[in-house]
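One structure is given below, represented as C-alpha cells, and several questions about it will come after.
Should a chain be cited, it is by its letter among A, B, C and D, assigned in written order, with residues numbered from 1 in that chain.
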Amino acid sequence: MPGFIFQHVVQPRYAETDQGGRIHHSAYVPWIEEARIGFLHQQGVAYAQVEAAGYFLIVRHIELRYRRPIQFGSAVSIETRIEKQGHASLTFAYTLSQQDVLCAEAHTELACVDRQGKPTVLPENLKSALAKLS
Amino acid sequence: MPGFIFQHVVQPRYAETDQGGRIHHSAYVPWIEEARIGFLHQQGVAYAQVEAAGYFLIVRHIELRYRRPIQFGSAVSIETRIEKQGHASLTFAYTLSQQDVLCAEAHTELACVDRQGKPTVLPENLKSALAKLS
Amino acid sequence: MPGFIFQHVVQPRYAETDQGGRIHHSAYVPWIEEARIGFLHQQGVAYAQVEAAGYFLIVRHIELRYRRPIQFGSAVSIETRIEKQGHASLTFAYTLSQQDVLCAEAHTELACVDRQGKPTVLPENLKSALAKLS
Amino acid sequence: MPGFIFQHVVQPRYAETDQGGRIHHSAYVPWIEEARIGFLHQQGVAYAQVEAAGYFLIVRHIELRYRRPIQFGSAVSIETRIEKQGHASLTFAYTLSQQDVLCAEAHTELACVDRQGKPTVLPENLKSALAKLS
C-alpha cells in the first residue's frame, strides 16, 4: 500500500487566484479532496456510492505546508498516497507540484462516520479495495 | 412590499480577490445569497427552519450586471428587495455599493421545491411574513 | 464562428455540493470561466499571456438559467461558443449537461480593459484567433 | 501579547454547506483569514495598506483540527491570538465555536515577503502595533 501513488492533475482556475498574484492557499483544500476522491475512484470506490450506503469520510485534521507559490496558467500535479489506515480512519498524504517543482505538501486524516455522525468502521468495499493495494 | 429594502453589509474576503486586483465576479453570488437569507431572517423566517420543514428555495435564474470593480479593504453594502412574488416563486433584486458607489446590480428568481425537488407553494410562515411587508 | 463549439468537462467537487443535496448554483460561475479560458486556449490564446500583455477580459454581465439540478458523482459537459464579438467585448454562451440532460444555460459578456481598467480593443492575437473560427 | 484575544463572528453561508449536511471543512480557511485580518485591523493595521506598502503576509503552514461539525443557521465565534512572532513571520492560533461548543482549532504560520516573494522583516507599523499588545 505505501508504494501506490495516484496521479491527479488540476488546472488552477482564475477564480482561485488572489491579488497577491498567486493561487490563494485555500484553493488547495478542494484540490486535495478531488485528488483523494479520484484515488478512491480508481480503486473502484465511488464516493457518491459510499455516501449512498450511509458512510461519510469526514476530515478530522488537515495540514498543509506551502513551499512555493502556485501560479495560474499551468497545471498542478497532485500525488496522493495512503499514509495510514485505521479501523475507522484513513490518512492521506499529498504532494503538489507545478512544472516539476514541489510547491506544497499536505496530509488529511479522515474519520468514517455514519448518518448520525457516529464513528464507524470503514465500509467493506473500501477495505477490500485498499487491501489490494498492499 | 416593493418599498421594503433590507440593508446588508459584507466585508470582502482576501480569498475573494483575484490577480486582476479586484474581487472576483463569482464572489458576489454567495454574497447576495447571504443578503436574501438575512432579508428573510429579519422577517422572522430562518432559512434553516424552512429547509427543516421540507421546503427549499432554489435558484432558477440569476443575473448580475457588473458596473465598477469591488476592491478588497472596504465594506460592501447590499440592498435587497423583493421584486416579484408568485405562488411558488420569489424574485429578489439587489444593488451592491462600495463607498456609496454603485458597483453591481443583481436579480435572482427562486423556486420553492419540496424534498423531491417538485415545485410547491411557498410555506405559510414565509407568505405571511411577506404579506406584512406590503 | 457561430458554428464552433468548445467541449469542456468538469468533475463536480464535493466542496461544491450543498446541504440541499445538489451542486450549489454559485459553483457554475468558476466552471464556465474555466470553460471559456479553455476555449481561448484551444484557439492558441493563453489567458495568462493576455494578462501579461496588459489586457484583462472582465465580466460585465452574467446570466444563468438553472433547469435541472447537477449532482455530485458524474461529469458535467460544458459547450461553449461565442455569441457576439465587439471591438472591445465578447459574449460567450454555454450549455451545461450531465449524463446528456441539459441542466443549465449561461451567457457572459466580457469587456476588454487595460491595466487601469479602461475599455480597450481586443488584443490582435485574440482577434485573429477568433477570425479563424468564422 | 499572549493574553490578547480577538473575537470575530462569522455567519456560515449556505454556499458553504455540503451534502453531508455540515459546513464543508474548506470553508474554515477563508474564515480564519478573515479573523486574522480583523485582528490586525483592530490593532490599526489595515492589510490592504500593508500590501500597498509592498509587504505580503503569505501562509506558509496551516493546520486545522475539526472536533465537531459546524452547522448552517447559527453564528460561529472565532477567537484569534498570536502564538509566536518572529522577525519575518507570525503564527496565529484560532478556536472556532458554535453555540459555545468548541468545533475546531487552527494554526497558521505566515511569512512576510516583498513584491518579489523574498522573505523580509515585518513592516514597522505592524511590529509596533504588536508590541503594544504585550
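Keep in mind that, in the parts below, contacts are C-beta pairs under 8 Å (C-beta built on N, C-alpha and C of every residue); 3 or more make two chains touch, one makes a residue touch a chain.
None of these values were measured; they are calculated from a predicted model.
Taking the CA centroid of chain C as reference, the farthest chain centroid is that of D. Among the pairs B-C and B-D, the greater number of C-beta contacts is found at B-C.
Averaged C-alpha coordinates put the centre of chain C at 33 Å from the centre of chain D.
In terms of their C-alpha centroids, the spacing between chain B and chain D amounts to 27 Å. As a whole-number value, the distance joining the C-alpha centres of chain B and chain C reads 24 Å. Counting partner chains per residue, chain A has residues 14-15, 19-20, 22, 26, 29-30, 33, 72 touching two or more of them.
Taken pairwise by the contact criterion, the protein chains are fully connected, each one touching every other.
Within the complex formed with chain C, the residues of chain A that make contact are 11, 13-16, 29-30, 33-34, 37, 46-49, 71-73. Interface of chain C with chain D (complex): residues 14-15, 17-22, 24, 26, 72.
Every residue of chain C that touches chain B in the complex is listed here, in rising order: 19-20, 22, 25-26, 29-30, 33, 51, 56, 58-66, 69, 117.
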